[in-house]
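Okay, got some structures for you below.
Here subunit A shows up in two complexes: once beside subunit B, once beside subunit C.
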Partner chain A sequence: MTNYLIRRLGESFLVLVLSSGVVFAMLYLAPGGPMTEILEFRRQSSRFPVNPEDIERLKRQFDLDLPLWQAYTRWAFGWPVLDDRPNRAGVIRGDLGLSWRVSQNEPTLQVLLRPLPNTLILMTTSTLLALVVAVPIGVYSAVNQYSRVDYLVTAGTFLGISMPVFWLGSMLILLFSFQFKQWGLPYLPPGSAVAARDYVLPLLGEIEAGTLVDRGLRLIMPTLTLSLLQMAAWSRFTRASMLEVLRQDYVRTARAKGLIERFVIARHALRNALIPLITIVTLALPGLYGGAIITETIFNYQGMGLLFIDALTQSDWPVALAYLMVLSVLTVGANVLADVVYTLVDPRIRIA
Partner chain B sequence: MAVAELGSQDILARPREVSQLELVWGRFSKHKLAVVGVWVLIGLFVASFAGPLFSPYDPEAQFVGPIFGDLTAANPFGTDDVGRDVMTRLMYAGRISLLLALVVTVASSAIGVVVGAVSGYFGGWVDALAMRLVDFMLTLPILPLLLIMSAMSIRGGLPIAFPEPLTRLFGWIWDMTPERAEGVLILAVILIAFQWQSLARLVRGQVLALRAQAYSEAAQALGASSLHIIARHMIPNSLAPIIVATTFNFGGVIITEAALSFVGFGVQAPSASWGSMLNGVRDFIMLQPWRAFVPGLAIFLASMSINFIGDALRDALDPRLKL
Partner chain C sequence: MPSRIARYSLGLAATIGLVASACGTPPQPIIQTQVVTQMVEGTPVERVIEVTPTPVPAEQRDTVIIGTWQQPRSFSPYANNQSITAEIDLLIRPRFVMRNDFGFAANPDLVDGDLPSLERNDGSAVFNTVDVKAGEPIFDPERLIVVPAEADVAGVQQLVVTGKLKPGLKWSDGEPLTASDLVFTWKTNCTDGSGALDLTNCPLDSAVGAVGQLVNYEALDDTTVRAIYVPGAVDPVYFITVFAPYGVIPAHQLEGLTPEEILNDERHLGGENVQPLGYGPYMMTEWLKGDRLTVEPNPHWGGAAPVTQKVIYKFFADATAVSAAVIAGEIDSSSGITGINVDQVPFMESTAKQGVINFETDPNAASFEMLYLNYYDPQDPTFQTPHPVLGDYAVRKAIALALDRQQMVDTIFFGGSTVVEQPQLPQMMSYDQTAGALAFDPDAATTLLEEAGWVDSDGDGIRERDGVKASVNYITTSGSAPRQRAAQIIQASLGAIGIEVTLNFQPSSVVFSTDVLYNRNFDMIQFANTFTVVDPGTWWFGIANCDQIPLPDNNFSGANYAGWCEPATSDAVARAAFLTLDTQERQDLYRQAVQQYFAAPTGDAFESGGFPLIPLHLRPNYLGTVPGLAGATLDSTELFTWNSQVWSLRATVD
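== the complex of A and B ==
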C-alpha cells in the first residue's frame, strides 16, 4: 500500500508538472498575448506615452524576456535565481505570481482564495443534495424494477442528463424569479452570492443583506442547477449497481434465512451497492468544481469559476493559470483518492 | 402422411432471411422515444439547413422588425435587441451548432478509432506511448482548458492554417466570410483535441480482445497484412460500441460547444450558435426571461434526442453491452 501510494503520488506530480508546462508554454508563446494586453492597459490608464524602457522593464517584471524553459522553472519552482529581478518562490512553495488585471499586483493566491468559501458552500450543498436525492431514488427504482415509478425515474434521468446546465439555470430564473415575482410569491433573487443592500420579498418581509437567510435564498437556484446532472447520473448508477447486487447469492441467502425484505435491502444489498458509487462521486468532485464555472456565470455567483471567467475575459493569465493548477491538483488528487478509498471500503480489492 | 406434409411445407421452405439491418432496426424501433428522437433530430437538421431558404430575412440584417419585438406572424420568435429576426437567426445558428458538432464528432471518432486500433493491435511501445497520452489527457480538467485555448484563439493565439477550399465551403454553408468560418473551424479543432481519448481507449480494449480470437490468427497465417487485418477485421468487428459511443459523443459535443459559447468563448458574434444566442439574451433575462427559452430548447431537444437514439442503438446493436 505504501509503495503503491508513493508511486501514484510520484506519477501525479509528473502529470501536474507536464500539464502545467504545456499550458504555461501555450500562454507564453501566444503571439500578442500578455504584453499587448498590458501595454494597451497602460496606454489607456496613463497620460504618459509608453517608451521602450517601459516595455523592457515590464517584460523583465513578468519574466517574458527569458527563454521559455527558464520562465517556466522560475514560475513553477522559483529556480534559477537571477540578479536583475526579484526572486520568486515558485508555485511549488505557494507563490502563484501577481495578478495582472483582475486585482492588479495582488498575489494571485489571495485573489484566488477570496471567492473560495462561496464555491465550497455551493459544492457542498449541491453534492449533498444530489446524493440525498439520487441514492433513495436509485434504490427504489431498482427494487421496483419495471414498475411505473421506475420508468418515470428512467425518463427523468434522461431529461437530467440531456439538460444543458445553462438553460436549466435560465429556466429556473424564469420560474422562481420572474414568474414568482409576478404572482406575488416570495421570489428568489437571481444574482450574486450576497445582496448589496437590504430588500423586501412578498410574504417573507424585509431581508437583511448578508444574513443567513439572504445567502440561503441566493444559494437555492445555483445548488439546484449544479446538482441536477449529478442527481440524474448518480441515481442511474445506483439503480444499475443495486440491480446487480440484488442478483447475488448472498442476497438470496439473506432472504432464505428469513430476514425481512427491508433489512435485506438496507443492510445486505445497499451497503454493497454503494461501494462503486463512492468512486464515482469522488471522481465527479473535480468535475463539479469545474462545472461550477457555468453555474456561477449564470447566477453571477461570486465563486472561483466566475473569477476564472473574469480572468480569461481580461487576459489575466496568472490568475487563469493558478485556477487551472488548483483544478488539476484536485482532479489528480481525486483520482488517487478514489483508488485508495476503494480499497478501504472493499476488502476484496487488493492493490499490488 | 403428416410427416410428408411437414417435409414439403415447413422444412423445405426456407425461412425468409432476416438481414442484420432489419434485425437492428426491429430492435431499435421498439424504443419508442428513440424513434421520436430520430424524427426530432431530422426536423432540427431540416429546419436549420433548408429553413433559411424560405426565410425572407438575412440573419444579420438589423431592424427588420422592432427592437425586442413580440411574437408576430412576420417574426414567429420575435426580434432581438437590435431588431434581427430571431427565427432566422435560430436556423442559421442551428447550422453552426449541428454541423460543428458533426464535424467534431466524426473527426474525433476517426482519430480515436485509428489510435485505438493501432495501439491495441501493435502493442509494445506504440501502445504504451499512446495510452499514456490518453491517460494524461483524461486526467486534465477539460472545460477550463477548452476555455483557455478558446480564449487564446479568439485573441489570435492559435494560428492554424486551413486549406482555402475548406474555409470557403464552410463559409458558404454557414453564410459567412471564409475568415469567420476559419474562426469556427479553429474552435472545432480545439474540441476535437479533447474528444478522441475515450473512444481510443474503448477501441483499444475491443481490438485487444479481438486479436486473441482464432480468426485473427488465421488471417495472419494466410499472410494478410496488419493494415488489412485492422481495417477489415478489427474495426468492423468493434463497430457496434464505436457507433454507440460516437452517438453519445455527438450529444456531448453539442452541449460542450453551447457551454463554451454561453460563457462567451465559443462561436463569436456576429456569427451565432444556439449557445451564443442564449448568451446574447443573458443581459435581458430579468426583463424578458422567455427569450432564453427557445435557443435553450433547441439544444435540449437535440441532446435529448441523441441520448435516446444512443440508448436504443446500444440495445439494438449489442444487447450484451447493457450499461
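== the complex of A and C ==
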C-alpha cells in the first residue's frame, strides 16, 4: 500500500505539472486579457494616440512580453527571476499571485477563500439531498423492477438527466419568484447567497438579512436545481447496481436461508450495491470546492463557480489559474482517495 | 450537518406552505422641475430639469439597492475608466462640472459661482500674449502637437483659466478639501508610474505619452485653481479641464508616496479593509468584492443631506440576474449602462405594464453604433492600394443607401431607438440638417452600382467589376446580441443589392487590437462611440483628418480608420478642433466637413470621397426601478446616479 501511494503521488505530481501547463497555455494564448481596457479607451479618445510605451509597460507588468514557457515557469516555479519586474515564489511554493481584476492586488488565495463557505454549503446540501433521495428511489426501483413506480422513476430520471440546468433554474425563478409574487403567494428570492437588506415576505413578515432563514430561503432553488440532476443520475446508478447484486448467488442464499426480504435487501444487497457508488461520490468531492458554475451564475449565488466566471470575463488570469489548479489538485487527490477507499470497503480488491 | 439540513428543510416547508395576499398598488414618483444654468458650447443657457423633492418620510425605507453586473476594479480616479466606477463615483466624488442633458453646469455644492467663461470677460478665462523662448513648449499649428519651440517666438496667445472651489469643502474624514488636493492629483497623474489613462493635460516630458496641453496647474489659494495652457493651444472644454475632470485624491493622506505606491495603495484603490475618501453626499463604508458595496451619508458634506440613509450596490453575475432581481423587488434600480441588457427589454416592459416595476427608455443617449468602410486594401502592407470594392465611392454610397437601419431599430431595440442621419450626434454644434441625410433607398443603390459598372454577369447573385467580386468581410465584437442582429441585417440588406458579406465575430480585445483596427485589417467594422462631451472637436478631427489615418509612420495611432483624406476638410476640422474657440467659425468649419462627408471624390483622389463610415442608430439607455423609488431618472449624457441624494424609497408590501 505504501509503495502504491508513493507511486500514485509521483504520478499525480506529473499529472498536475502537465495539466497546469496546458491550462496556463490555453489562457495565455486566448484572446483578451488586461490589454483590452487600455485599447478600448484609446479607441474612444481619438485625440490621444495609442502609446506603445503604455502597452509595453502593461505587458511587462503581466509577463505578457515573455515567451510562453518562461511566463509559465515564472508562474509555476518563480523562475527565472527578472530585474525589470516584480518576482514571485511560484505556485509550487504556495504563491498563487495577486488578482489582476476581481480584487485588484489582493492575494489570489484570499480571493478564493472568500466564496468557499457559500459553495461548500450549497454543494454539501445538494449532494446530501441528492443522496438521501436517490439511493432509496434507486433501491425501490430495482426491487420493484418493471412496476409502475419503476417506470415512473425511470421516466423521471431520464427527464432529470436531460433537463438543462440553465433552463430548469430559469423556470424555477420564473415560477417561484415572479409568478408566486404576482399571484400573491409567498415567493422565493431569485438569487444571491444572502440578502443585502431586510425584506418582507407575505405571512413570513420581515426577514432579517443574513439570518439562517434568509440564507435558507435563498438556498432552496439552487439546491433543487443541482439536486435534481444528481438525483436522476445517482438513482439510475443505484438501480443498476442493485439489480446486478440482487441476481447474485449470495442474495439467493440469504433468501433461501429464510431471511426476511427487508433484511436481505438492506444487509446483503444494498451494502454491496453501494460500493461502486462510493467511487462516484468520492469523485464528486472536488465539486464541493469547485461549485456549480451555471447554477451559481443563474442564481447569482456568490460561490466558487461565480468567482471563476468573473475571473474569466474580467481576464483575471491569476484567479482563474488558481481556481483551476486547486480543482486539479482536488481531482487528482479524489482519484487516489477513491482507489484507497475502495480497497477498504471491498476486501476483494487489493492494490500493490 | 443534520441540524443544518433540518433548518433548510424547515425553511423550504415553511415557504411552500404559506399563502398570502397580493401586493399593494404601486405608488407613483413625484416629479418637479427646477431652472438651472448650464454651459452649452461655452455659452450659459438656462434650462429646466426634472428634480424630485423628498417625499413621504412616514413610509420611507432607509436603504436603496442598485443592481449591476459590472464589478468595479478600483476607485483610482485616473487609472480606471469603468462605467460602474464612474456611476458609484457620482455618489462619493461628484463631478465639479455637471454634464446633464448635453450641457454643462457648475456643481453648486462644489464650485463657487459660475463656470469660467471667456465670453463673460471677468478674468476667469483669458488669453494672455506671451513670448516663447527656444526649447519651451509651444503648440505647433501645423503638426497640431505640442513641441519644444525651435526658436524664440513672440506674441503667442496663451489660455489661462481660473476656477473657484466652494469654501469649506471637506473630505469624508473631516479634513479640508482644498485647491492643493486638485493640484496634487494632477501632479501624481502626470508622473510616470501613476497608471493614468489620459495624459492630455500633462506637461510635455512629465510622463511617457504626455500630450502637453497644460504647462502648469497651480493652487493660488485654498479655493482657487489655475490652469495654464501651452502657448498656442485652445481647449473648447477649458471650464471642465480646470476642475480636475477625473476626480481628486486626498493629499493629506497620500502625499509623500510615489505614484507607483499610490497606485497600489488600498486607500487609493479601495478595498475590503479600507475605503477611499470622498467628498460627495455619500461616503463608502463597505466593499465586499463580488457581493456588494455600501455608501452612507457623508457627515462632512456641505450640500443638502441625502434622503436615503444607505445605498447599496449589489453585484450580479449577468444582466439577466439583474433584471430578475428588479422584477422580484430584490433591488430597487438598475440602468442600461451597468445593468439591464436590451435582451431583457420586452420582458421588463411587459412587467412594467402590469405595474410590477417602472421601466424607462431614453432613446437619445449620447452614443451611436457605426460601420466603418475601409478605403484601402487590407492585403497591401504599404497601405497604398485602394480597396478593390470599398475604394469605390459608388459602392460606399450604395451601402449607405441599402442599409435598412430602421429595421435595426425596430428589431433590435423594438423601436426604442433612433436612426442617425449624419455621422454625429444631433446635439452637436456641427450638426447641419441641410447638408444631407442618409436614406434607405435600395433601388437607388442598385442603380448606382450598375452605373459604376458593378453587375452580376454570372448570375450567382453577387456583382462583379473587372473580375473583382463585390464581396467584403465584416467584423464586430462577439457576445453582443444587438450587434449580431445588426450584422445579420447588414448581410441581408447588402445581399439584396448584390454585395456579399462574410460575418466575423471576435472578442473586443481582438477587434480593437493594433492588428485589426489600427492596422486596418478589415473591410467593414462595427462598433460604437459614447460621447461624454458633446463638443465635436475630437470626433471630427479623428474621422476626417489625414494625419489621423493609422500608419506605420505614426505608430498606427489615430482614429481615421477608414482612411478618408480630403485636404481641405482635414484642415478645416484641425482648425476647428485645435486653433480657434470662435463658435461661429468652428461651426462653419465643421459643417464644411459634414458636406464633404456626402461628397464624391475630387478627380482621381479616391480617398477624398465621402462615406468613410455609416452611422447606424443611437444606443438607447434603460432604467428599471421598483414602483416605490422616487427621483431616479435617466439623463442622456450623465449616469443615472447623478442625483441619488434626492432618491427616496417608499416601502411597498411585497
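Please note the rule applied: the second predicted complex is superposed on the first by the 295 of 352 C-alpha atoms of A that agree within 3 Å, B and C clash if a C-alpha of one lies under 4 Å from a C-alpha of the other, contacts with A are read in each partner's own complex, and residues count from 1 in each chain.
Keep in mind that, in the parts below, a contact is a pair of C-beta atoms (placed from the backbone, for glycine too) under 8 Å apart; a residue touches a chain by one contact, two chains touch by 3 or more.
Since this is a predicted model, take the numbers as computed values, not measurements.
Participant: Would you sort A:167 into first (subunit B), second (subunit C), both or neither based on which partner it touches?
Facilitator: first
Participant: Does subunit A have more residues touched by subunit B or by subunit C?
Facilitator: Tallying touched residues of subunit A, the top partner is C.
Participant: Let me test your reading of the model: by the given contact rule, A:152 touches which partner, first (subunit B), second (subunit C), both or neither?
Facilitator: A:152 contacts neither subunit B nor subunit C.
Participant: Applying the document's definition of touch, where does A:189 land relative to subunit B and subunit C: first, second, both, or neither?
Facilitator: Touch partner of A:189: subunit C, not subunit B.
Participant: By the touch definition at the top of the document, which applies to A:113: first (subunit B), second (subunit C), both, or neither?
Facilitator: A:113: touches no partner chain.
Participant: For A:18, decide between first (touching subunit B), second (touching subunit C), both and neither.
Facilitator: First partner only.
Participant: Identify the partner contact of A:323: answer first if only subunit B is touched, second if only subunit C is, both if each is, neither if none is.
Facilitator: first
Participant: Once chain A of both complexes is superposed, is A:213 in touch with subunit B (first), subunit C (second), both, or neither?
Facilitator: Only subunit C is touched by A:213; subunit B is not.
Participant: Check the residue A:178 against both partner chains and state whether it touches subunit B (first), subunit C (second), both, or neither.
Facilitator: both
Participant: Considering only touches as defined above, state whether A:6 meets subunit B (first), subunit C (second), both or neither.
Facilitator: So A:6 meets neither subunit B nor subunit C here.
Participant: Enumerate the residues of subunit A that count as touching subunit B in its complex and touching subunit C in the other.
Facilitator: Comparing the two interfaces on subunit A, one with subunit B and one with subunit C, the shared residues are 31-33, 173, 177-178, 190, 297-298, 309, 315.
Participant: Enumerate the contact residues on subunit B facing subunit A in the complex.
Facilitator: Touching subunit A from subunit B are residues 33, 136, 139-145, 147-149, 151-152, 155-159, 251, 255, 258-259, 262-265, 275, 278, 282, 285-286, 289-290, 292-293, 296-297, 299-300, 303-304, 306-308, 311, 323.
Participant: Applying the document's contact rule, which stretches of subunit A touch subunit C when the two form their complex?
Facilitator: Against subunit C, subunit A makes touches at 31-33, 35-41, 43-55, 57, 101-106, 111, 114-115, 121, 124-125, 128-129, 173, 177-178, 181-192, 195-197, 199-204, 212-213, 216-217, 219-220, 223, 296-300, 302, 306-307, 309-310, 314-315.
Participant: Looking at the complex, which residues from subunit C come into contact with subunit A?
Facilitator: Subunit C reaches subunit A through residues 1, 4-5, 7-8, 10-12, 14-15, 18-23, 63, 65, 71, 73-74, 81, 197-200, 208-209, 211, 264, 266, 269, 271-272, 289-292, 310, 312, 314, 316-318, 320-321, 324-325, 327-331, 354, 356, 506-510, 512-514, 517-518, 527, 529-530, 537-539, 541-543, 548, 554-559, 577, 651, 653-654.
Participant: Sort out for me which residues of subunit A touch subunit B in the complex.
Facilitator: The touching residues are 15, 18-19, 23, 26-27, 30-33, 155, 158-159, 161-167, 170-171, 173-174, 177-178, 190, 240, 286, 290-291, 293-294, 297-298, 308-309, 312-313, 315, 320, 323-324, 327-328, 330-332, 335.
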